[in-house]
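Each in C-alpha cells, the structures are laid out below.
Here come two complexes built around chain A, the first alongside chain B, the second alongside chain C.
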Partner chain A sequence: MTVTFTFLDWLWVALFLILMLGSGILFYRLGKRSESDFFLAGRDLPWWLPASSVYATHTATDTPMWITGVIYKNGMAGIWYTFFCGWAAISAFVSTRIFRRSLAYTQAEWNVVRFTGLGSELLRGWMAGWQFFMNMFVLGWVGIAMGRICEYLFAWPTWIGLIVFSLVCAVYVLAAGYWGVVMADFQQGVIAFLVIIIVSAWGIHTAGGPTGIIEKLDVMGQLDRINPFAFTGWWSGDFPIAWFITMMLIAFLGGFGMGTTIDWYVEAQRIQSAKTVRDASYSIWWGTILGLIRNSVWAVAILAFFVLFPNITEQSEYEMGWFRLGFDYLPAGMLGFFFAAILAIHLSTISSHLNLGALYATRDLYQHYVNPQASQKRLVQVGRISTAILLLGSFFYGLIMEDITSWLIFALWIMAAGIWLPNILQVVWWRFNAWGYLSSWIANLGFSWLVVWILPELNLIPNLLDYQQFWILMILGALVYFPVTLLTKSESMDHLVHYYVMSRPIGWWGPVREEAIRRGLILVNGDLVAGAEQASRPSDTFPTVE
Partner chain B sequence: MNQALATVIGMTIAYAASFLGLILAYRAWRKHHKNQSHDEG
Partner chain C sequence: MIRKTWSAHEADEWTKEDWIAIVLSPLCYVLITIGAALTILLQVSGYIMLILGIGLTIYMHLVIDPKLKAISNEYEKKQQTYLEELEAKVRWKPINQKPS
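Take a look at the complex of A and B:
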C-alpha cells in the first residue's frame, strides 16, 4: 500500500519535528554544563519525567509490529510475551533502590562499586564495550523498522526512513544530551499514548466494538483467541505452558537482579537521573505500568484487525496490522497526525539509545580508562563525538539487517539466558565475585553460539524451542561460573562492607551485615549510623565512583 | 548481503568492542599499579 498525504498531514509532521528540534535548542545550555547534565540531567528529575522516558523509550517502531505479531498468531495468550517487562514491578522496590543508592552512572560502573580489584575493572571495560555495541545494534534495528514503515507507506527506499529521521533526532541529542532526550520523551510519550488509544479505539469501533469482535470470532470458530490461557500443551507447539512459566520466571525473579533483561540498561540511566531513591522507584514502576496499559489496548485492537483481516499468513504482512488500522481507516487530515505519533515513537527510542551508548563510551571507556583528568567541557565533547559514532554505526547495522527477528532473538538470548542468574546473584549473594560474573559473560557468548547456531547447523542437536535454549544456556553457564566463584577469593570484606552500607542490598548478605554491625556502621535493626558511608570507604582509591 | 555473513560480521564487531573495553581496563589497571608501586618505592 502507499499513502497519499494532504497539506494538513504534512503540516502535522512538520510541526512535530519543529517541536522536537526545539527541545534541543531550549535545553542546549543545560546539557553542556557538565557530564552529569549531558548524561543524567544533573540527577535532579522528579519521578514523572524518567517514568515518561521509560515508557516512551520502550515504545519503539518495532514494538507495535512484534506485539501485533504475537497477538495475531496466538490470540490473547500472546499478551504474556509483553509481560517480560514485569521484572520492573519487582525491581522498582528492590534492585532499582539498590542501584540508585550506589550512585554509579552506568551498569558497567556499578561493577567497580559491587566488586573490587582487577576482575571488577575487566568487567567494567567488558560491559562498557558490549553496551556501546548493543546500543548501536538497537539503533540499527529500530532504524530499519522505521525504514520499512516508510517503504510500506510511501514506497521510499528503506535507507531513507532509516537515515533521515535518525539524523533529525541526533540534532537534539547532540545539542542537549539527556536533557533533550528526557524532555522530548515526555512530549513524545504523551503524543504516542494518546494516538495509540485513538487509533486502537478507531480500529475496535470499525470491527464492530468489543461485542461485535467476540460475535465475529465466535462465527469464525476462533473464540479461543480471547482466552489468555489458550496454550498449545505443556511442552510443544507455538506456545507451550513450559514457555509461559519460563517467561514469568525470567520476568518476575529478574526484578531482584540488575541487567536480567536488555531494558535494564536503559532504566539504569533513568534511575540515576531521578532526584531521590523514591523518585527512581516510582519512575520505573509507572513507566512500566504505562507500557502494560499500552500493550493491553494494542492487544484488543489486534483482535479487531484479525476480525477484519483473518486470513493473512505472511508474518511480515500481519505484523503491520496496527499500522494498517490507522492508515486504512483514519480520516484524511489525521494521517499526518498518526505519522507524527509514529515519529514520536521512533525518535524517543533512537534518542535514548544514542545518549546511553555515548554514556558508556564517555564515562566508562574514555573518562575512567583513557583520560581520568578530562575537564567537564572535554567530557561533553567526547559525549557528542560518541553520539555521532553510534549514529553512523547504527546505519551500518540497519543496512545489513534484513531479517530483524533472528538477530533480535540471538542478541536477546545472549543478554538474557546464560547471564540471567548471575545478574541476580551479583545483587543478592555476597559471595558471588567479579571472576564468577566475568566468566559467566564470556562462557555465555561461546555457549550461545553453540546452542543457537552451530550445533543445530551441524545436526548434532535439533533446533531447540526458545524455552529449551534458555534452560540449557543457564545450566551450561552455571557449570562454569559457580566453580569459578567458589575457587577464587571472595571480594575483600572492607569493600563489601562499604558496598553494603552504601547500597543496603537484600538477600544472602549475613557475614557482611554482621561485620558492618561489628564495626558500628549499622545498628542491629538495620538502620544506618550517621557518617557510616564515608567511614566505611576503603583506602584503595582506583575502583571508585568519581 | 547474506544474512549468515551479516550476523557473523555484526557479532564480530560486538565482541571486538567488548574486548577493546577489556584491554583498556587491563591497561589502565596495570598503569595504576605501576604508578602505585613507583610511589611506594
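Take a look at the complex of A and C:
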C-alpha cells in the first residue's frame, strides 16, 4: 500500500518536528552545564518525568509490529510475551532502590561500586564497550523498523526512513543531552498514548465494536482468542504452560537483580535522574504499567484487525496490522497526525539510546580510562561526539539488518538466559564476586551462540523452544560461575561493608551486616550494639580506593 | 494497619511493608493488564480483575509510600558525600571521607 498525504497531513508532521527541535533549543543551556546535566538532568527530576521517559522509550516503532505479531498469531494469550517488562514490578521496590542509592551513572559504573580490584575494572570496561555497541545495535533495528514503515507507506527506499528522522532526533540530543531527551519524551509519550488509544478505538469500532469482534470470532470458531489463558497443554504446542511459568519467573523474579533484561540499562539512567529514591521507584513502576496498559489496548485492536483480515499467513504482512488500522481507516487529515505519532514513538526510542550509549562512552570509557581529569566542558563535548558516532554506526547496523524479529529475540536471550541468575546473585548474595560475574558473561556469550544457533544448525541438537533454551543456558552457565566464585576470593570486607551501608541490599548479606554492626555503622533498634566500635576511624568506614 | 512513621534506621531495614509491595506489585501488573484488555472487550471477568488491580495498587502505595519517603529523606542527607566518593573513584583518587 502507499498513502497519499494532503497539506494538512504534512502540516501535522512539520509541527511535531518543530516541537521536538524546540526541546533541544529550550534546554540547550541546561544540558551543557555538566556531565551530570548532559546525562542525568542534574539528578533532579520528579518521578513522572522519568516515568514518561520509561514509557516513551519502550514504545518504539518495532513495538506495535512485534506485539501485533504475537497477538495475531496467538490471540490474547500472546499478551504474556509482553510481560518481559514485568521485572519492573519487583525492581521498583528492590533493585531500583538499591541502584539509586549507589548513585552510579551506569550499570558499568555500578560494578566498581559493588566489586573491587581488577575484576571490577574488567567488568566496567567490558560492560561499557558492550553497551556502547548494544545501543548502536538497538538504534539500528529501531531505525530500520522506521525505514520499513516509510517504505510501506510512501514506497520510499528503506534508508530514507532509517536516516532522515534519526538525524532530526540527533539535533536535540546533541544540543541538550538528557534534558532534551526527557522533555521530548514527555511530549512524545503523551502524543503516542493518545494516538494509540484513538487508532485502536477506531479499529475496534470498524470491526464492529467489542461485541462485534466476539461474535465474529465465535462464527470463525476462534473464540479462544480472547482467552489469555488459552494454553496448548503443559509441555506441547505453541503455547505450553511450562513456557508461561518460565516467562513469568524470568520476568518478575528478575526484579530482584540488575540487568536481568536489556531494558534495565535504559531504566538505570532514568533511576539515577530521579531526584530521590522514592521518585526513582515510582518512575519505574508507573512508566512500566503505562506500557502494559498500552499493550492491553493494542491487543484488543489486533483482535479487531484479525477479524477484519483473518487469513494473513505472512508474518511480515500481519506484523503491520496495527499500522494498517490507522492508515486504512482514519479519515483524511488525520493520517498526518497518526504519522506524527509514529514519529513520536520512533524519536523517543532513538533519543534515549543515543544519549545512553554516549553516557557509557563518556563516563565509563573516556573519563575513567582515557582522561580522568577531564573538565565538565570537555566531558559534555565528548558526550556529543559519542552521540554522533553512535548515530553513524546505527545507520550501518540498520542497513545490514533484515529480519528484525529473530535478531531481537536472540539479543533478548543473550541478555536474559545465562546471566539472568548472576544478575540477581550480584545484588542478593555478598559472596558473589567480580570473577564469578565476569565468568558468567563469558560463558553465556559462548553458550548462547552454541545452543541457539550453531548446534541446531549442525543438527547436533534439535531446535529448542525458547523456554527450553533458557533453562539449558542457565544450567550451563551455573556450571561455570559457581565454581569460579567459590574458588576465588570474596571482595574485601572493607569494601563490602562500605557498599552495604550505602546501598542496604536485600538478601544474603549476613556476615557483611554483622561486620557493619560491629563497626558501629548500622544501628540495631536505634542503638549501637554492645561492644560496637564507634564509626570514627576513616580507614575502617571508608577504605582507600586501591 | 498501615504504618505512617518511620525512623531512619527502621526505614533502612527490609520489613514486611517491602514484602507486601514485592508480592502485590506483580499481581497488580497482571490484574491491570489482563483486566484492561478484557474490560475493553466488555467481559465481566475483566471488570473484576481491573477493579481488583486498581484496589491493590492503591493499597500497595499506601503501605510502601511512608517508608519510601523516610528512606529518601534519610538518604538525601548522605548523598553529597557518596557523590564525592563516586567522583573520586571515576578519577582514580583515594577516598577517605567520613560519613556525614
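Going forward, the second predicted complex is superposed on the first by the 524 of 546 C-alpha atoms of A that agree within 3 Å, B and C clash if a C-alpha of one lies under 4 Å from a C-alpha of the other, contacts with A are read in each partner's own complex, and residues count from 1 in each chain.
FYI, a residue touches a chain if its C-beta (ideal position, glycine included) is under 8 Å from a C-beta of that chain, and two chains touch if they have at least 3 such contacts.
Model, not experiment: these values are computed from the prediction.
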More chain A residues touched by chain B or by chain C? C
Touched partner set for A:243, first chain B, second chain C, both or neither: neither
Chain B versus chain C as contact partner of A:368, first or second or both or neither: both
With the two complexes superposed on chain A, say which partner A:296 touches: chain B (first), chain C (second), both, or neither. second
With the two structures laid over each other on chain A, which partner does A:127 touch: chain B (first), chain C (second), both, or neither? first
Quick check on the output: what are the common chain A residues between the chain B footprint and the chain C footprint? 368, 542
Can you tell me which positions in chain A touch chain C when the two form their complex? 76, 79, 82-83, 86, 89-90, 92-94, 97, 101, 103-105, 109, 112-113, 204, 210-211, 213-214, 226, 228, 252, 276-279, 281, 285, 288-289, 292-293, 295-297, 299-300, 303, 363, 367-368, 372-373, 501-502, 504, 506, 521-523, 526, 535-536, 538-539, 541-545
Parts of chain C lying in touch with chain A, wherever the complex brings them together: 7, 9-10, 12-14, 18, 21-22, 25-26, 28-30, 32-34, 36-38, 40-43, 64-65, 68-69, 71-72, 75-76, 78-79, 82-83, 85-86, 88-99
Listed in rising order, chain A residues that touch chain B in their complex are 118, 121-122, 124-130, 132-134, 137, 364-365, 368-370, 397, 400-403, 406-407, 410, 445, 542
Partner chain A, residues of chain B touching it in the complex: 1, 3, 6-7, 9-11, 13-15, 17-29, 32
